[in-house]
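Mind looking over this structure? Questions follow.
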Amino acid sequence: MQFKSMVLSNVEVSPSYFRMRMTAPPAISGSQPGQFVMVRVNPAIDPLLRRPFGVFDLGTFETEFTDCGRQSYLEILYKVVGKGTAMLSTLHQNDHLDILGPLGKGFIPGDPAGEKLLVGGGVGLAPLYYLAKELVRDSKVNLFAGGRNKEDVLCITEFERLGVETYVATDDGTLGARGLVTDVFEEQLAKAGPKATILACGPFPMLKAVALLAEKYNVPCQVSLEAYMACGVGACLGCVVKGKNHSDSTPDYRCVCKDGPVFDSKDLLWS
Amino acid sequence: MQFKSMVLSNVEVSPSYFRMRMTAPPAISGSQPGQFVMVRVNPAIDPLLRRPFGVFDLGTFETEFTDCGRQSYLEILYKVVGKGTAMLSTLHQNDHLDILGPLGKGFIPGDPAGEKLLVGGGVGLAPLYYLAKELVRDSKVNLFAGGRNKEDVLCITEFERLGVETYVATDDGTLGARGLVTDVFEEQLAKAGPKATILACGPFPMLKAVALLAEKYNVPCQVSLEAYMACGVGACLGCVVKGKNHSDSTPDYRCVCKDGPVFDSKDLLWS
Amino acid sequence: MTKPNLSVDIAGIKLRNPVMTASGTFGYGAEFAPYLDLELLGAIVTKGLSMKPKAGNPTPRIVETPGGMLNAIGLQNVGIEAFIAEKVPFLRTVTTPVIVNLYGNTLEEYGELAGRIDAIPEVAGIEVNISCPNVKQGGIVFGTDPQAAFEVVSLVRRSTTKPLIVKLSPNVTDVVVMAKACVDAGAEALSLINTLTGMAIDLQKRRPILANITGGLSGPAIKPVALRMVWQVAKVVKVPLIGIGGIMSATDALEFILAGATAVQVGTANFLDPSSAGTIATGIETWLEENGVADIRELIGALKS
Amino acid sequence: MTKPNLSVDIAGIKLRNPVMTASGTFGYGAEFAPYLDLELLGAIVTKGLSMKPKAGNPTPRIVETPGGMLNAIGLQNVGIEAFIAEKVPFLRTVTTPVIVNLYGNTLEEYGELAGRIDAIPEVAGIEVNISCPNVKQGGIVFGTDPQAAFEVVSLVRRSTTKPLIVKLSPNVTDVVVMAKACVDAGAEALSLINTLTGMAIDLQKRRPILANITGGLSGPAIKPVALRMVWQVAKVVKVPLIGIGGIMSATDALEFILAGATAVQVGTANFLDPSSAGTIATGIETWLEENGVADIRELIGALKS
């Protein structure tokens, strides 16, 4: 769906990371974890294109000045990296946005009996929070969070409050273990039960490492990808990635916006 | 000069007319009435060009949270007509702007002993306020203000507070006389003394009528023009108007931004 | 006041209003059905189609630029067989005319493809893309050389009885020469413009951003160039024109119509707002009402200049 | 770290850094002296000059467009006599090289004017505008026909010993052909691009906004087209290129240099921010320092592709 939204809050939770809460229609509650929204930052033509962000959290709130009871909200967690996110970060309460979503295919929870291994790098943690919230109802959830330094590892307390067991690694060791989160992850993966599921979101090299580990230990694995997007609805073919059967002569392209952003790691070509 | 400025207030004083006060360096006090500033609405490329606005008022204010004493401010009075002014109208206190100015040539007061006949149409009143403020020190000042309806005739109370005698005419008669301000003006002009000076700002047809009356009654007259502008400093040659000697074979173009916006009405070609 | 007339005729295709979607920016229509009523549109133009499925270019394929975007999709498409099997059934469910945008890698392929499409009753007309700047083989030559354009359009004309629109490239010295060549070859309408060839660079990586190095520039940035070309061509050719390039609003669309376009196509705007094309169509109707224009056709080429 | 080298050589003109101002957007230099130190610039290019003073077009002459602007100034200028009498004295006060942009209404006028300028010691070089789209007579033909371009550049080459830059129009099918013709005729450097021809319409008035109907599109909107043309020409010709088109920042300028430009010109940005050209020059220096590049010349054409 497409809807007008009003900013409820927009807070810098860590240097250059912002958490923005905005109004949404009740149907937003149908979003699957891993789905995303396309945000039109302002009605001017600079920036021109919408910006994609994962659904970080959903909920309802009591409206202050009206009688209409509880209203729905949507939260995104974003990092300021360029023009669009910089402009987003200057928005205030009551400013307006135009939102498209939820879009794409989200994570599939898999067997509730199996433990869930969530792997997130940097702002890749964003969609994992809403995912964890849903998963903890039925399953044991572990989170492996990585980043360059402690400021990149976000909202760990929130995850812990959900009852998620968290493992952290940073490149510089300022939080958790020093090194790659995939190393910490492999240790635990080796011990994981046969019904475990891996659910990952983060930079491509991290996802690739996770996908290879998943293959090595034969654990089902879903990854959430990023790609430059224009339409978000499968029309422009701007956001494609190579599917497992891809070769130059027999192309197999998938749209990150429509066939993803969450893919079974086995469906993609990682080389 | 070029300076960064902070919005102090931005108030809708009449439907779609806003009065914006912003910080300015002390040198702003050197502005002549009739000069203008070019405002860069935001650092994005939409809108691309700066927007020109007359200096409506200047002054100083006591800063609230610092020790640095009185600071200068600049005020503009603007009408929302398109994209740039619409964006300006959404700015809040503490938002930032980039200003170029004061630019161009302002009004020349003339003999203080003569009475000053100010003629303004719609938002053309804007530069006349600062002008009146300066003129009332030494001279008797009359203001002839016109507009389509009462909402177009701005800040009359402020002019009266300065001791200016005001005459108002509106097309629909909702304020002052019904009809053209130039009719009301002609009545008084006929009675004006030999040292009187006319100083006018408003739409081109009004200025033309005023210029013709000035000629008829042989009273010196200065008019402030508008033109589409890019640079504001006489470099792009986008803002030219025809000077008195203009013909297709012997062109005489003047830059509104640099040679104006205030011209002696005799220096221009009115046909 | 009675409702104004918005319907126009393009090469024999009756459009309920002049607002079409631009090829490559609206998929095969179905993608946008959740966001707007497809019955609001004058026509739907589908993604550029070729005989065989086509992989398109490697990624990145798109990048935002000031007031516009570059794309180098490379004409990825499902090919004629899958189009018939998978896309036509949905298009049958809408009454809005469907125009198929096609291209070939060779002269012969253009003819063959036009022949295949001729047999599809759901297709109201054909738009021939001779202007896509991304495909080295074919594309660029047909679109910039009047003789080559004449040949390919003539062949397509002989291969189909469907209404025939030819889409022009702006990357030429004189668009009027190209327009005339296409009309001489049998084009019943012209659509213009396709994208301007451009490039974007990632300074830190010291690389072009697009894998294809160059791409096609679309969006508001190109509107002045598109308006100028429509105006130039309208002065000279007699067939109806479809104005394309940076149309974001009903005002933009009406400007193209004043310049001489009978209809318009909405492209990049679909990405900014998936309901754009519908909003533009209803916006045109409102404007006609508010300005007392009884028939949109009064505005076609009505620019005073 | 020692300061990086920013100096470059264009056709024998030594620039302290690669940032020049674009003709017609910086007046005769003096207009901008209150807003930036002219000594920060690599070179100043003055407003297009003709033999006689020229009135230019009626107004409106400029209009904002999405991410850009159209101008149809019509090359209003003071003419060679007034240039020498009124403008040269100020230019003598700056050490920054001054390049005179010139054009003629006829072939002969180009030659005559180049000859006159040859005698002015304060002028470091000549930039020949064969690309202005506004003047019917002359401009458009020289800039879009390789043979005409060859002739006019050859004549100018014979008429002056000053360093000779030729400025190319983007309104052509193949800019490389034009570039080669100019180099063959003796151009020692090429600057590109001039403006794209465009148009804007006032819907309510049903009129073109510009009195001249069409105008030249400049600003960020055209940057992708300009980058592409610089890259195309750099692959083929050997003379230094000056990249122009929508440069607003040091990043933009460096992108043009990666694409193959030895220097750049800042145009429309001067209107948005009169100190732009200076800010861009210092911004380039900072970038080189931060990225450990000792010499700007390492970046010229260094795009990996």
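Labels for the chains are A, B, C and D, by order of writing; each one numbers its residues from 1.
We take it that contacts are C-beta pairs under 8 Å (C-beta built on N, C-alpha and C of every residue); 3 or more make two chains touch, one makes a residue touch a chain.
Bear in mind that the values here come from a model prediction, so they are computed numbers and not experimental data.
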>> Going by the touch criterion stated earlier, list every chain that contacts subunit C and also contacts subunit D.
In response: A, B
> Which chain pair is joined by more contacting C-beta pairs, A-C or A-D?
Replying inline: A-C
> Which chain's centre, taken as the mean of its Cα atoms, is farthest from the centre of subunit D?
Replying inline: A
>> What's the distance between the Cα centroids of subunit B and subunit C, rounded to whole Å?
In response: 47
>> On a C-alpha centroid basis, what's the spacing between subunit A and subunit C, in Å?
In response: 36
> So, what's the distance in Å between the C-alpha centres of subunit B and subunit A?
Replying inline: 53
> Where does subunit A touch two or more other chains at once, residue-wise?
Replying inline: 45-46
>> Residues touching two or more other chains, restricted to subunit D: which are they?
In response: 66-68, 219-220
> Among line, ring, star, complete and other, which best matches the way these chains touch?
Replying inline: complete
>> With touch defined as at the start, can you tell me which subunit C residues reach subunit D in the complex?
In response: 65-68, 70, 144, 171-174, 196-201, 203, 205-208, 213-215, 217, 219-225, 227-228, 231, 246, 251, 254-255, 258-259, 302-305
> Which positions of subunit A touch subunit D when the two form their complex?
Replying inline: 45-46
>> Can you tell me which positions in subunit D touch subunit B when the two form their complex?
In response: 24-27, 31-32, 34-35, 47, 53-56, 59-64, 66-69, 71, 73, 76, 219-220, 248, 268, 270-275
>> Help me check something: in the complex, which residues belonging to subunit D touch subunit A?
In response: 66-67
> Once bound in the complex, which stretches of subunit B touch subunit A?
Replying inline: 44-46, 83, 87
